[in-house]
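In what comes next, subunit A is part of two complexes: it sits with subunit B in the first one and with subunit C in the second one.
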Partner chain A sequence: MAPAPSKLYADDVSLLLVLLDTNPLFWSNCALPFSKFISHVLAFLNAFLRLHQLNQVVVIATGYNSCDYIYDSSSATSGSSGTGKMPVFCSKLLENLEEFVIRDEQLEKGGPGGGIASSLLSGALSMALCYIQRVFRSGPLHPHPRILCLHGSQDGPEQYVAIMNSIFSAQHSMVPIDSCYVGAQNSAFLQQASYITGGVYLKPQLLDGLFQYLSTVYATDLYSRGALQLPKSVGVDFRASCFCHKRTIDMGYICSVCLSIFCKHHKKCSTCGSVFGQQAQSDVASSSNKRKMSDS
Partner chain B sequence: MASGHVMKRVKYKTSVKDPGTPGVLKMSGDRIAFIPHNPNSASKLDVNFRSVKGHKNTKEGSNKPPWLNLTNDQGGSYIFEFESYPDMHICRDYVGKIIAKSGEPAKAAPAKPDMIAPDEQINTAELEVRIKLLREDSELQKLHKQLVIGGILTEAEFWATRKRLLEREYGNKRKQRVGFKSAMISDIKPATDGRTNRVTFSLTPEIILQIFAEKPAVHQAFLSFVPNKMTEMDFWTKYFRAEYLHSTKNAIAAAAEAAEDEELAIFLKHDDILAEEARRKIRRVDPTVNIEADQGDDYTHLPDHGIFCDEAKETSEPQYELYKRTLAHDINRHAAVVLEGRSVEVELEGTKTVAEALARSKQAEAANEDSAANADQEWLKRLSRLTEIEDLQAPHNHPVAPLCIKDPRDYFDSQQANAVKILGEDPLGTAKRKSAVNSNEAFGFLRECISQVKSVGLHDPIVKSKDALQVFNALAHDISRTKYDVGKISQESALDKLPSTTKEQILHHWASIQELLKHFWSSYPITTSYLYAKVDRLKEAMSQIYPQLEEIKKSVPANHKQQVSVLVRQMHQALDSAFQHYDADQQKRSAKSDQRLNGMRE
Partner chain C sequence: MPQVRIIAKNFMDMVAALPAMKLDRLYQNAFICEAILRSLQPLAKKYVIQMCYIEEPITSKSLEEWVLPGGFSKHKVAIDRLLQLRIFSESFDRTTGTSYRMNATFQINLQKLITCGAILPREPMPSNITIRLPSSQELETYALQQWECFLLQLINSAQVERMTNISPSMMRIFQRGLLTQRDKEAPRLTESGFQFLLMDTNAQLWYIIREYISNSEEIGVDPEDLISFMLELSFHETGQAYNMNTLDEIQRNTIKDLEDLGLVKLQQGRKESWFIPTKLATNLSVSLTDSSSRKEGFVMVETNFRMYAYSSSKLHTEILRLFSRVEYQLPNLIVASITKESLYNAFENGITAEQIISFLQQNAHARVAERVPSVPENVTDQIRLWESDLNRVEMTPAHFYDEFPSRDVYEAACDFARECGGLLWEDSKKMRLVVNTEVHLQMREHLRRQK
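Right after this comes the complex of A and B.
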């Protein structure tokens, strides 16, 4: 366990930030029951922690109304040896998760009520990145961080800007965002996140084998990834959400000054205040329609 | 238009002033023949087109008669006067095509396209740039040959999309001027033969120009004395005698000699013209002069800084002050001349020409300086213009307006409000909410799941081995599928695997399709009949590409068929969308004209 001269402990020590989707609206409709899902995940996390003594796991619950840290392996006390049913960290995690769900539910009652069935991915991503920044800044050595999104809810276009900002900040700090999407349709956000940050996007076909997917694709440290053939995404959905109505659009208007995206022609850009020309309305419409590439 | 051969009545002139011999000009195949009406006339002509290097013609509307001037490779030219402009145009186009075919250097010379926009006269400098570009870039040349010579695009249209390229090429052409050497003229050392007392100075026009520039008095004297009063030889002998006297630093001797010889005195006295100019000079340093380092700069190892001068024997009697010249004088004057730059751009041949050219340029300068009232203003302007030394400049970019997001909070708040509003109104959102289970139930269900896991514990085994195997197989299959690798790995492109001829063909087609499409899309919206005709031409050309692409597909070996068809499909798509747009536009047009007709009927 001799520390390497670099800032990293060693090239195979990882810090894994798991973003766990706990959107009740999604899980009540999902083919894979949450109990199965969580047991696959727990088994995977257990395996991951055993891969290296210094490996660290942080679990963040991505709720419907809030997000929170529910487990951090570095602060967990390794006192008792578990109940026999499961390792002690699992029961601790489940306890925290339960508390989190209750809190989330209380927020739901107080909140405006209703909404579409997307969870707060942007918030969870931000928390993960904040944690990573803290790790980067504290202490002389740190493990190699990466983010794993275990997500199922559909994209919330209203979070587009926030999520894209998180993605770019992850890219900037060289943190890959891996994503395993268990929902029905592909998630454009997660596809883009993995594509931009150099992570792996995977949509498992066989949900009963989730543990196998997780351990095959996501368990290896970043250094070993260089030597492995991991699944590549065939195509990435690069569609954007418009800034005005948060709809996902194929074609739209781009502010020529600040590159804000709109689904309709506006007189003035709401972001930078540039006033758009009025001449030849129909020509402008046809020429400034920008088509987003879908690389498939 | 000019298919097999052309025959026109012309007058053949050997020079511009020649009245011309009437006869018939016949151009066929690769020969030009002129048969005079008078069979005895000497001015028969029968030349091969290969010897024709370029052609010029008079413009319609200018007062000149329709002349076509063919320049041959010996530097001579054949001038034909036609009876009318249309005749001349036909011949010119014919010549253009032939030259284009016969040799690459003359490629861009047939710059006159079939359909000339009236403002299409281009200067030779631009033409040269175009020729150079074509010669350097074989891709471009191929494209040019296919599209311009093929009559699909006009020369001007072809180059209009490459303005950047031309500009860059142009930019490279403007070079800095070469300044004077930094070696001082006092360094001109005499050559002695060692036996006699004679010394020989060898002067080159270069040195003379420098002497004139540094010593206006000598220049003045040369203009007024040579050759009326003395020969050039005498002049320079006197000059170097004076220089010699200076170099001995014997001011007394110099004064004595000057008293005897009034011409010599000119060289020995202080330069009045200089003193007069000195102050103004300081402000007129041209910042663009290229002060090139040469051997004259390499003086550090030489005694006296290598300057042929001896400061040691200074006499300081005031009456001889007039005849004393210090090293500082020389250096300052030299520096001034170097900084001023060389304004004379003549072939340095005779001393006389040099002297006169310098005098002319001085006069011009003097004339400029007459307007010294606003000289300051002008100088500032000139400075700002001239200090743009091209190799120190960033490339010219379009003006930018900085992005300003006035108040980020404002933006986010408005976004938030919008989002909430939309969520409330969005019919899709409400539908989803209804379809979803009541959130209370959902939360309850989730909690139940968690407590279930807590009580039961992890499944054992986590995955069935059958499932695990299936997952493994699926992943392995996904990863090994080659389909995803094609075009995804940047190191090896799909093109490299193809046979080189196919690769070249495909690349060439792609380039020409791009060029055509660029012109096609840039012609919309169609506002003039010229654009209309252009789009028609382009459409014709594009429709001819389809069968060619099919041919490529057929010709490739079976193992590459799939990759080629992927590549060709993209080209098809690009072309298809252009055709779609064309058809839609056509329909819109016809609908509009129908409406108009209907309106008129009512």
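Right after this comes the complex of A and C.
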């Protein structure tokens, strides 16, 4: 079913796309200061780049209004040397990150007020997948790609459809989405993303030891994953959002033709236009959408 | 090509074989730590990164808990390698069992590498001193030319117009194992010599460097210094100039030899001189694990067994001549055909069909490299068939028995030979049989007892 990537490098050459949550509304309330978080992440990225000369990292910042590429190791000149305090690529990355955060904030002022607490995960995922597609098409040899979401802010139900579409396209091109969730509650989106694409979902218990989590679990290349038992999530929250009000629901109505989900009974499906019959009983919901979602 | 791997790994074996003290001294250089980290198997790399900030010993049980049932052999290989390179040290405790601890020097250097990056012992020279640096394109051509010139001299010194400066004694060392010379005949390539030629550049380079290092002791240089210098060199930036004054005496001598191999280009300014590492040098640390740095291919094979090689290199002609008949040569094109005779010649010299096929596949021209398969199937099949043709007749030393006194004795002998698993042929009408030489003695004993 999947268009098998034509020719990969041997074994463990990897392309890691990191989606970095930069939502200020989340980080201002988080137990782990952003500065510490980023230092863990930078150390991890550096370690990852050291593993193989051909390893490649792309960092995408996920803001609350926009997202953008902030670092790409393939376009950087040289990563091995440094000034003695910090590897060259880190300072470059931090510079870009700062610019991005300022830009992201300005967008907020221009647009409608009343900040949303969630980050633009769907946009970042699509950008990552676009990048991977470009790599696939670039030539006969390319590294094994995978996506790592370093996310903290809560899910935005309004992004449900876009995120699910990204997840399925990642599954289709056999790109695992790993997710490391540093927020308070579990993220249903990321749980589903990792579950469907065969990645790892983990919510670190001790945020101070983030580097250890990252290096133990997420540094494992796809080749070694065949030999190792990585953490598996115990329960996955398969709840969906309805297409009409973008609310997360336990039970709802599903269009029998296109599988759109609604929280209330409609006469006509807003997605495909099929006309529904009469509502049978007052509140007998259609079959558990839990199953529907996991099967799809 | 399995040989490539063996030779590439052998270099790390050489590092692993160094005495503990020297190994510890090597690990004081952050670049060597990185190069060694890169040379490890994927799983071993992961263990090293994972243990990077753990100073306590980790029990082998807790590592094994992560391993899936199917992955135990890989785990074992990874751990063995780490122990061999003394990156992990093993200790045994009654209560907790075996536990591993990371080499402190290695660990500290790795931590530094991860958080601070590493500094090369020498800075690139500012561009106002160096007159004109070669462009990356020029540098690459230069490197390849040097390397091919060296290879050509290695296999066939008569054909070279321009000799490299490598001393004849050094050349003989390289040729040892690759060439044989009988009295007054011209030197001939040995089996491993043929295989060497079909390898990719990086593997060849490591082979030569390994020979170079292992013979360094004879000229009074510590192999450890050379190993560390080579590995360090691979982290220099391609195309940048580095001052020769930053090198010590031994390194300066080495670098002159490396110039002949095409690893560096030496330039002389008004006052100072400098060296410029080429791609060959900076790819050294990559090639330890696999041959991912591919060069442009040049060979096209057609279904009619004709081969077009877009190359003007003499070396390529020589290599193609190993297994095909070169029909004509144009300035940038070699046309050859793969024939039964040319292949038999190759097989006789110890080249295998698989090697030829993988050579053709690895060097496929960009136009055909994208196609699957890049070499027509009928050609690859035929090459394999011709090889198996040679192995059609199998020779077994045997003994022939006849003139048995009676049918009973004959049948008993047959049964006995069958039991021993040495009966090759029997003719019950004329009471004759043939047995394997291995059971001949037992057979004789048996017959004697019958009498």
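Convention: the second predicted complex is superposed on the first by the 269 of 296 C-alpha atoms of A that agree within 3 Å, B and C clash if a C-alpha of one lies under 4 Å from a C-alpha of the other, contacts with A are read in each partner's own complex, and residues count from 1 in each chain.
Just so we're on the same page, contacts are C-beta pairs under 8 Å (C-beta built on N, C-alpha and C of every residue); 3 or more make two chains touch, one makes a residue touch a chain.
This structure is a prediction, so every number in the text was calculated from the model and none was measured.
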- Mind checking the superposed model to see whether subunit B and subunit C fit together on subunit A or clash? fit
- Please work out whether A:Ile102 is in contact with subunit B alone, subunit C alone, both, or neither, and reply first, second, both or neither. first
- Regarding the shared-chain residue A:Tyr71, is it in contact with subunit B (first), subunit C (second), both, or neither? neither
- Once the two structures are placed together by chain A, how many degrees is the angle at subunit A between subunit B and subunit C, based on Cα centres and rounded to a multiple of 10? 90
- First (subunit B), second (subunit C), both or neither: which does A:Ala219 touch? second
- In the overlay, answer first, second, both or neither for which of subunit B and subunit C A:Lys246 touches. first
- Message: A:Phe262 in the overlay: touching subunit B, subunit C, both, or neither? Say first, second, both or neither.
- Response: neither
- Query: So, does A:Asp12 touch the first partner subunit B, the second partner subunit C, both, or neither?
  - Reply: second
- Message: Comparing subunit B against subunit C, which has contacts with more of the residues in subunit A?
- Response: B
- Message: Between subunit B and subunit C, whom does A:Tyr195 touch in the aligned arrangement: first, second, both, or neither?
- Response: neither
- With the two complexes superposed on chain A, say which partner A:Tyr131 touches: subunit B (first), subunit C (second), both, or neither. neither
- Check whether A:Tyr181 is in contact with subunit B, with subunit C, with both or with neither, and answer first, second, both or neither. neither
- Using only C-alpha atoms, work out how near subunit B sits to subunit C after the chain A superposition, in angstrom. 6
- Do any residues of subunit A touch both subunit B and subunit C, and if so, which are they? 43, 83, 85-86, 90, 211-212, 216, 229-230
- Message: Give the list of subunit B residues in touch with subunit A in this complex.
- Response: 401, 403-406, 411, 414-415, 418-420, 422-423, 428-430, 432-433, 436-437, 439-443, 445-447, 449-454, 456-459, 462-464, 467-468, 470-472, 474-475, 478-479, 484, 488, 525
- Task: Spell out the part of subunit C that touches subunit A in their complex, as residue ranges.
- Result: 34, 37-38, 42-43, 45-46, 49-50, 52-54, 65-68, 70-72, 74-75, 113-120, 235, 237, 285-286, 289-290, 292, 294, 369-370
- Per the touch rule above, subunit A residues touching subunit C in the complex are 9-13, 43, 46-47, 50-54, 78, 80-88, 90, 140-141, 211-212, 215-216, 219-221, 223-224, 226-230
- Query: Where on subunit A does subunit B make contact in their complex?
  - Reply: 22, 24-25, 27-29, 33-36, 38-40, 42-43, 64, 83, 85-86, 90-91, 94-95, 97-98, 101-102, 104-105, 108, 112, 114-117, 158, 161, 204-206, 208-213, 216-217, 229-232, 234, 243-247, 257-258, 270-273, 283
